[in-house]
Each structure stands twice: as structure tokens, then as C-alpha cells.
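Can you keep this structure in mind? I'll have questions shortly.
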Amino acid sequence: MDRSRLEAFSDGVLAVAITLLALNLTVAGPGHGTLLHQLGDRWPAFLAYLISFVTIGIIWVNHHALVGNIAVVDRRLMFINLILLIFVVLIPFATGTMAQYLTHGGMDSSVAMAIYAAVFEGMSLGFAALILWTLAPGNSIHPVPVVRHRSVALRFTLGVFIYLPAIGLAFISPPAALVVIGLVAVYYIFERTPSPGPASEGLEDR
Amino acid sequence: MDRSRLEAFSDGVLAVAITLLALNLTVAGPGHGTLLHQLGDRWPAFLAYLISFVTIGIIWVNHHALVGNIAVVDRRLMFINLILLIFVVLIPFATGTMAQYLTHGGMDSSVAMAIYAAVFEGMSLGFAALILWTLAPGNSIHPVPVVRHRSVALRFTLGVFIYLPAIGLAFISPPAALVVIGLVAVYYIFERTPSPGPASEGLEDR
Amino acid sequence: MDRSRLEAFSDGVLAVAITLLALNLTVAGPGHGTLLHQLGDRWPAFLAYLISFVTIGIIWVNHHALVGNIAVVDRRLMFINLILLIFVVLIPFATGTMAQYLTHGGMDSSVAMAIYAAVFEGMSLGFAALILWTLAPGNSIHPVPVVRHRSVALRFTLGVFIYLPAIGLAFISPPAALVVIGLVAVYYIFERTPSPGPASEGLEDR
Amino acid sequence: MDRSRLEAFSDGVLAVAITLLALNLTVAGPGHGTLLHQLGDRWPAFLAYLISFVTIGIIWVNHHALVGNIAVVDRRLMFINLILLIFVVLIPFATGTMAQYLTHGGMDSSVAMAIYAAVFEGMSLGFAALILWTLAPGNSIHPVPVVRHRSVALRFTLGVFIYLPAIGLAFISPPAALVVIGLVAVYYIFERTPSPGPASEGLEDR
């Protein structure tokens, strides 16, 4: 059993989820105020689209690098991957709900933002499980040296430790929680998945 | 003709169907009570999402193992596969309808749960047909030994014999039928598709 | 340039279109009469789902066989394929509209059924163009012998000659037109794409 | 790391986006005037569907040719590709909004058409970045000769220079802007991505 269907199915789910994000971008249509006004009122939807798109995009880029280095595909790996995907599929819902309530204020804004952060927390737990799986002996084509395991694990489970307090932060200030979540996306644009050392095989930036 | 497009199309349909499940997870938005209240009222939708996601996920994992062992792709196989998929595509509809009516009580709850069980029955009939096809001589790369055919057929057509009474159970107690359907999903997380014996090629758990 | 992306993109569009068919299968929910009543009123949606699913499924099976025999992928082929897909993508809309108006009677039923037949006519014109492209010298790996061109062209452009009168028939009797369209689907389950002769490579039924 | 997942994910997003275009093609259903009348009122939706479908189709054809010539896939390329896709995913929204407001007149029509043109501008900037990336030394399998860089860059960033004034034109005449956007699609049906010279490998029309 090779990696191709793991990749194909994951790519399919990621591609559909990232495209469904745009379904939250509707306007009510003629008879509900000027279009500019409607779009202005809906700025949270566009900001939420941007952050969620970039986050799913990064998951795809990192998933790509990670799975490309996997030596063997077993049932356990497939179920770990499904845990990642069960949260990915929730992102369009969490994004839409968050955007609807962001400017609403009060407890509802906090709850909506907490759900958004919690879905990202679940997703990053799934991704962390995937990373830890690849660090186990024999699972990778080009294993990460043991001395680097701790730093790799820290860097790539970082989201786990940031989205969690963001859930709490959502109850103090939903916009602040959104800024934190957005910064994680920016961080991961520049942070790379673990490279296998000298034999980089294009996993590295050039 | 190789297996790649059979896999690609099936992966596509499974990926879209699993992602569309989340379209049932909407809240009415501001002005319909607090968000927490709305989410609380919609707990059946989240439970239904979880059960359906895991079920489709398992179909994918097992489909993966099954098709990876297929020696030849003919038209009959493609149409058997379409029977499986015609029910997979119905899952988001059946899931949404079941979730809408679960707490509604009365005949409507029973009908909705019976439809949910019936769609899963259809899907498992499709999967059973696929299993039986692979047991026919010449159709598998690593054939399951004939002495194990009966046990393999029994284990993998199990869903067929459980979803069917669940349709009836739905008219006595819809929640009980849901528990049964959920247990089938849990069972199949641990049950594996038939392994070809010693030459396992990664089809086995490790 | 190989066939893989032509297949991947076509599979993607076909998979999404076939899955979106189920979006037409919604019920209004609690407070709109009993569920059984709602489902009973919506029987045209389920019938339409079945016919459209089988038709798209057949397109996929035949597309599969056809493209697997293509020797060279050029821009012309890709645009011919896009003509096929532009009508495939219209099928969920045409199916939903037809189902909504089937039992409505009068001119609206006829118009809705005529649109349904017209979308299938467009799709089968796209498929016929694909068939004719493969018959041109040098385009196929295993060319169909010239003496069989006429019969192959006739059999596989059959849909073109049946969906067209079905458009007219829709204005006399919409249900009769639906029966004709359903029979084409049944016919193509048993009719196969042109085989390349003795060197069948699995393109044939076994 | 090879090109296959870059292609698979892009094909997935393009396939879903092109299929979601048809979700804008709904009619209100019985009780909202005759079907012919409803369809007549919705002609902008069908015209918009046609232009957007052809445009996404062309992106796919050209993306196909471009990526097929890429020698190495690095993170930078994947993020450039995501920039292209972030605008592709916006096309169904922009198409639906434009179609809703096209015949509405006044400022709203202009704003809707300007958004439509702006999304296409963003998409063509993403595609131009992809083209420029392939022109850099070492990035292509069959590099375009340096003497042809300027002409290739000009021809394939043409959209960038046409969609931009179309944004402005939308405020003078929305229909005129739509004609210009439609003409770009027609132009790119006939214009091809850069061929690598004599060793064409099927990238050329035949």
C-alpha cells in the first residue's frame, strides 16, 4: 500500500474544504441596502476567509512535505489522518459562524471565536499526532535525527500551545484571539516542516 | 486499464461527501437566541456529523485496502463501485434529515432514523458486493485463501446484517437505532479488511 | 504531456457534480407536515437523483475507457473535454429544476423537462466530439479499425439522436420524455465504449 | 518532492470551484412566475456562468502546461500557487454577485462588476507570478530561451493589463467591462502557454 491514496483523499478533502470557505461570502442581494454597504458590513467574512484559507493552505503544504517522507502507510496512520481531516472539514462552519458573530459583541462573539480557536486546536492536535508518528523509528524514508526530535516536535506542535490559550482569550477579547490565530498562520508561512538533513530532496526552501 | 481512476473517482466522491456533511452544521445566526443556545439545540447535528464522518472515513480506509488488492478493473467492478457511491452520496442528506428530526419525537423521528439506517444498509450492500467480487478467482492480486472466504465474507458483510434490523429498531426507539449504528462504526475502526496472508504488503496493522 | 491531469480534473468535476446532485434532496424540516408526507411529495427529486447519478456514472465509466486509449493529449482535446464538462456541471441545476416542476404540470413542467433533456443533449454532443477525436488517425493507442468507425460512431453518438427528440417530447408529455431519458441510461449500462479488438487490455467486459 | 500533489490539489480546487459556479443557477421555484419568465430574468447568471467556466477552464489548461514543465517544486512555488488559488476560489462568489446586480443598474452594478474584474485581476497576477517563476534559471525542464522571455512574459501577463482597466471601466459601463472580460477568455482559448521550442513534447497544438 503506497502513499498515493492517502494523498489523493487528503488533497480532495483539503481542496473541497478550502473552496467551501467561499460559500460564506454571500451578499443578501438587491433590496438589502447598497452593495458597498452590504460588503462593508461583511468585512469579517472576508477577513475570516483570508485567515482560514491561508491556514488550510499551510496544512496542505506541510502535509505534502510530511507525507512525502513517509515510508509505510498503515491503518493507524490513516486514522490519525482522519482525525486531522475531521477538524479540517469543520473549518468552513467555524469560519462562517465566527464571521457572523465577530462584530456582534458580547458572549456570542466570544463563543463563536472560541469555537473557531477550538477547531484549529483540534486540527493542530491531529497534525501533531501525524508529526509524532513520522518521528517513530522506521516510519520515515529520511528520518529526522533523534537529537533534533525535541526541537522538531516543539516547532510543529506550536499551534497546539497557541490555539489552546486563544480559546480562553476569546472570552476576554474575541478580536485579540483572532489576531493571535492570524499570527500563527503568518508564522507557519515561514516555518518549514522538518527537513531530513543534507539529503533534502527539495523539502527545503531554496 | 489500471485501478488509478477507480481510486481517483471514488476518493473524489468520498472526499466531497465527507466535506458536505459539514454543510448541515449551520446556525441560524444573530437574532435567533444566544449562540450557545442555538448550538445546544443543534447537538444532534454534531453527533450525526461525527458518526457519519467516521463511517465514511472507514469506508475510505477499507475501500483503499480492498482496491489496492484488485488485479483487474472491468466494467462490472465499476458499476458495483457506483452502487456503493450512490449510497455514499446520499449520506449527507440522510445525516441532515436524521439530525433535524432526532429530538422531534414521534413518527417523524422514526422515519428519519429509518432512512439514515437504510442508506447505510444500501452502502454496506454495495461494499459487500465489492468484497464478494474480490473473492472470485482471478480478481485479486493476493487472493484470500478459500478456507477463509466464509469468515471474511461474514465479517465484512456484518454491516448488512446490523443496519437492516436498525431500520426496524428506528420505529421502536430512534436513539437506540443511532447507538447501534454508532457501534458499527466503532467496530469497523478495529476490524480490518481481509489480509492476503503472509505477504501482507502493509495491508495489516502493525 | 500525459493523460493524468486530464483524468484527474475530469474525475474531480464528475465527482463533485455527482455529489452535488444530493443537495437537491432536502426536506423543509419540522413544521411543514409529516416527514413521510414531505418525502412523498418529493418523489420526483429522488427519481431525478437516480437517473442523473446513473447518467453521470456512465459518463465516468465511458470517459475512463475512452481516455485510457488516448495516445496524445493536446489543447484541442482539452477544450473538447471542457465542452463535455460545461454540460456535466449543469446537470445538478437541470436535475433540481426538473424535479421541482415535474408534478407541477402545464408549460412549466415542459420547459423544465426540455432543459433537462437539452443539458443531456449538450453533454452527449461533447462526448460524441470526444469519440470522433479518438477515431482520427494517430490519436488512439489501439485504434478502432476503420471498417468499424461508422458503427462505433453510431452507437456512441446515439444519445445525441435521442435526447434531441426528447426535448420536443417534453412539450407533449414531460413524463414520457423522462422515461426516454431514463432508458438511455439503462441502454448505456449495457453498451460499451469501442474496444480496440483482440488486444483488449481489460477494456472489455469479461 | 514531485509535481503530482501540486497538480492534484490544484486540480481539486479548480474542479470544485468550476462546479460550484452552477450553484448560482437556481430558480425560485413554483409560485414565482412562469419558469420561462424566471429563466429569462436570470440570463445574467447563465452568461456569467459561461464566462467564468471558460476562464477557469483556461486557467486549468494553461496551469497544466506550465506545471508539466516545472523541474522542481519548492515551498515558494506552492505559496505562489496558493495565491492563484485564493482568487480562483473567490470566482464563484464574484460571479454570483455580478450576475445578481448586472441588470440592477446604478452604482451597485458597477461595484459588482468591479469586484468581478478585481478577482480576475488577482487571479491573473497569481498566474503571472507562476509564469515568472518558471522563467527563472533552473526551474523549468525545457527552459524558454532568454530571447523569448519578454514576449512570453508579455503574452501571459496580458490578463493583468486588461482586467485592471476593466475594474475602472466597470464604473463607466458594467456591460462594457463584461464584454472586455469575455474577450480575454476568447483570446486565451487561442493563445498558448510558452512552448519550450523544438522539443515540444506535446505542449503545442498539433
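Labels for the chains are A, B, C and D, by order of writing; each one numbers its residues from 1.
The rule is simple: a contact is a pair of C-beta atoms (placed from the backbone, for glycine too) under 8 Å apart; a residue touches a chain by one contact, two chains touch by 3 or more.
Because the structure is a prediction, the values reported are computed rather than measured.
Shared numbers divided by all numbers used gives the overlap of an interface; between chain A and chain B this overlap falls below half, so the copies present different residues.
Distance from chain A peaks, on a Cα-centroid basis, for C. In the Cα superposition of chain B onto chain C, the rotation angle, rounded to steps of 5, is 90 degrees. Chain centres here are Cα averages; for chain A and chain B they lie 26 Å apart. Mean C-alpha position of chain A lies 37 Å from that of chain C.
Those residues of chain B in touch with two or more other chains are numbered 8, 12, 15-16, 20. Considering their complex, residues 7-8, 11-12, 14-16, 18-23, 25-27, 29-30, 34-36, 39, 50, 53-54, 57, 60-61, 64-65, 68, 189, 192, 201-206 of chain A touch chain D. Taken together, the chain C residues at the contact with chain D in this complex read 1, 4-5, 8-9, 12-13, 15-17, 20, 72-76, 78-79, 82, 85-86, 89-90, 92-93, 96-97, 100-101, 104, 107-108, 111-112, 115.
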